[in-house]
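In what follows, subunit A forms one complex with subunit B and a second complex with subunit C.
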Partner chain A sequence: MISKELERAGIPVVQVANMTPVANSVGVNRIWTSASIKYPLGSPDLDPEAEKIERIRMTRSVLEELKE
Partner chain B sequence: MNQLLRIVHYVNQFYGQIGGETAAGTGISIREEKGGLAEEIEAKIDRPAKVVATIVCGDDYFAENVEIALPEIMKIIKSYEPDVFFAGPAYAAGRYGMACAAICTEVKKELGIPAITAMNEINPGVDFGKKELFIVKTGTNARTMKTDLGEMARFAKIMLGGKKLGLPDEEGYFKRGWNRSIRTGIPTPDRTINMLLAKMKGDDFVSEIELPENADIQPAAAIKNLKDATIVLCTDGGLYPEGNPDNMPCSNPDVFHPYSIKDGPELVEGEWTVRHNGYDNSFVLADPNRLVPADAFIELEKENYIGKLHDKCLSTTGLITTVANSKKIGKAMVDYIKNHQIDAAILTST
Partner chain C sequence: MRLTKQYIDIKDVLFDSKTFIEDHVLHINKEELLEYIDDYRLRDVKIRIAHPGDSCRLSNVGDIVQPQYKVDGMTFPGVVDEIGSLGFGKTIFLRGVVVTEILEMPTSIGQFYDMTGPALEYVDSLADCIHVTIDAHPTEGVAKNDYFNAMCIASKKAAKYLAEAARDSVPDEEEEFTMKRDNLAELPRIAYVFQIFCHAPLTDSMYYGADGSMMMPIIIHPNEVLDGGLVCRNYYQANNADPTYWYQNHPMLQGLLKRHGKDINFVGCVMSNTPHEVKDKMRNAMMAANLIKHELKAEGVIITKEGGGHPQIDTALICDNCTALGVPPVLALKEFLSMSNASDEHVIFSTANADAMVSTGCRETVLFPKLDEVIGDTPFNDITFAFDIDPTNEFFHEPEGIRGAFSQLGVGDFSSEKI
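Up next, the complex of A and B:
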């Protein structure tokens, strides 16, 4: 619902969410499916340095959604 | 019980046989003589009844002069001391539907008598009135007029008898947004498993929770050049500075707060807390970047992959948050974003 208000106002927003059916059903336009409900942009199995590199990779992918 | 039931009926210029669109500007008039629809209503109500007045008003006239037309129509309705009020059916006619819904809502509020209208789901009058009213579902044209008037009469009889209407799908009215407790005789886990099995088999089943309709909102324009864009991180995962300085609740807030993520406390364990009872918070508490990826954004800003990361994160808690509160938070975020020269947002949810 928050995303919808932003988009309605002309502000592009990417919603990073795991429960994409919910986001879809309320009509969110840009959705990026997160790694987990518990850690949307995390990879707790990796060591902290590798996790950060992986997060930067994920973040780039999230940002790409803004270009479409 | 045998007392004559007094009915007032509202119709537009078309059903009042004044004319079509060209007559839509016609003002309010009253008919006491019996017309076709009045006869039909009296027949359907199935007890001594009389349509004491038919109020006719042009759709454009009502829409463009609501402040005058609505009180005027209310005055007329009251003067006839009705037991029941009918408006429409309005089918797919938008202005007519809005008028029917507006007048019925007012009649219900001021007179406390059954006020019943009917229309098709595409009519904007449905959204306007469905919460207050029982609106009979119809098709999109008047071919079904007799049946629809019959349904309106049936609703009136139930309400006049002091009884409750059944569920929307059984009775044929639009869902009003209320929950009603009912006994099914089947425990919740069994119903859930049955639905799951039906879904897996590809059989029909009806979910007990209706997801909101997919409302059509035009996507905001894309950001062609990320290198020039200022981006703000938002989350509804409930991340707040340790100590929760703004006393954010664990569910259903109606505000968000901006917190510094560039020059404030680092996003490390111990500096932040999570107020959200809807997920296991331990992974985010151990590294808040997993929810609000400030570390990655700061790197991407350094290498000029994006123009700028806004220095604050907009935080709220998205749990059992009502649609009304979500909208309120969303609107407040819009104001914040517009006041801070921000081009786009990333909203992370758990």
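Up next, the complex of A and C:
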């Protein structure tokens, strides 16, 4: 709902969400599927250093989506 | 598979030098019980008794479990006893008494239980039960999950210990649970999806002691759940999960078994969990629908859920998958977005396939009065208002905060309007 209102105001939005069926049914334009409900950009299986690199990669990928 | 539940009615509970049952009074040897449930992870364990009608509040409540003892097998296999099959033979259940955990470590969303006042309107048959409470602090250095695990085991052990006292008693009532296989050809084939709220360790239920958060959908015999096979281990979001008491007295399973052979052919139950990744949800929904269509050969399916928002997606996906395979679903759902929400839609999903939904109630705010006594030293917190609630005073809260209330399995007669 927030995504839709922001876009109505002319601000492009990427919604980072794991419950993509909900985002879809609300009608969000750009959905980026996150890792999990419990940790959207986290990877608890990785060691902290590798997880940091993975987080940066994910964030870049979200920003790329915004350019679409 | 034929299960006989032997009920022993308990009218009063008191402490004594010996544990036994006489004239519907349960006498408990406290020292012996404490020794039986002893665990290195628990310290300062206190056993207390709270009666319905007492001006008493139980603060920060964990699981509530009905005392049960399997005469010819394992009791709570995988949790208390060794692994052994459930769902047949004789099991003793004490009626009118429950074992209730009092947690002395804060959880994410706290729960309480009042022995009197408006809370009792929301808990159906639990309202008449005497509570034997187990109140314990964690031993120094014990991590939260280890403490919660220890509490989960302690209450089940106590439940076994108390019901074992009735092994020579004459039952007040016997009830048989079975699924006959003959003369069913004319009846509609109805399956049931029992969606349990499991998405992480300690935010799950245990089936024969196994962590439910990692499971895939399986076909179970309803008797296994009614016989103590499923145990609640939800300590972080217990407000949306049912205590073990409602698994032992599962209203939907009992209802379907009663109608089996009369107006429906209850072909079986698929148990499925609620993973925290959408990919896992899609896989589980597909597998559950396949079991319903191809193994149970159902012509119609009933789906219930536990948990809050994201488990509704599992429900919706199972609904879509079943419809695609030609099995029409009926959903029984709480109206989760019904309070303080301008939206007309009371669930978070949207699918044209969910064209038969039954409401099992909505949300509201109730004033819970100040009570004379509080069992438990730890206040419980509230997710809606995000602060600790002082259990010694009156407070506003949703009935969702009462342990055993707000069940999504069809407990009581709640609907959009209270009937």
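Convention: the second predicted complex is superposed on the first by the 68 of 68 C-alpha atoms of A that agree within 3 Å, B and C clash if a C-alpha of one lies under 4 Å from a C-alpha of the other, contacts with A are read in each partner's own complex, and residues count from 1 in each chain.
The rule we apply is simple: a residue touches a chain if its C-beta (ideal position, glycine included) is under 8 Å from a C-beta of that chain, and two chains touch if they have at least 3 such contacts.
Just so we're clear, the structure is a prediction, and the values are computed from it rather than from any experiment.
**Student:** Quick one: classify A:L6 as touching subunit B (first), subunit C (second), both or neither.
**Tutor:** first
**Student:** Which partner chains sit in contact with A:I37 here, subunit B, subunit C, both or neither? Use first/second/both/neither.
**Tutor:** both
**Student:** Which partner, subunit B or subunit C, is in contact with more residues of subunit A?
**Tutor:** B
**Student:** Kindly classify A:N18 by the partners it touches after superposition: subunit B alone (first), subunit C alone (second), both, or neither?
**Tutor:** both
**Student:** Using the superposition on chain A as set up above, list the residues of subunit A that contact both subunit B and subunit C.
**Tutor:** Looking at subunit A, the two contact sets intersect at 18-19, 21-22, 25, 36-38.
**Student:** For subunit C, which residues are in contact with subunit A within the complex?
**Tutor:** 199-200, 276-278, 309-310, 313, 316-317, 348-351
**Student:** Per the contact definition, I'd like the list of subunit A residues that touch subunit B in the complex.
**Tutor:** Subunit A reaches subunit B through residues 1-19, 21-27, 29-30, 34, 36-42, 44, 48, 51-52, 55-56, 58-60, 62-63, 66-68.
**Student:** With touch defined as at the start, can you tell me which subunit A residues reach subunit C in the complex?
**Tutor:** Those residues of subunit A that touch subunit C are 18-22, 25, 33, 35-38.
**Student:** For a test of understanding, state which residues of subunit B touch subunit A in their complex under the given definition.
**Tutor:** My answer: residues 211-212, 214-224, 226, 229, 231, 234, 236-237, 279-280, 282-284, 286-287, 289-291, 293, 295-297, 299-300, 305-306, 316, 318, 321, 323, 326-327, 329-331, 333-334, 337-338, 342-350.
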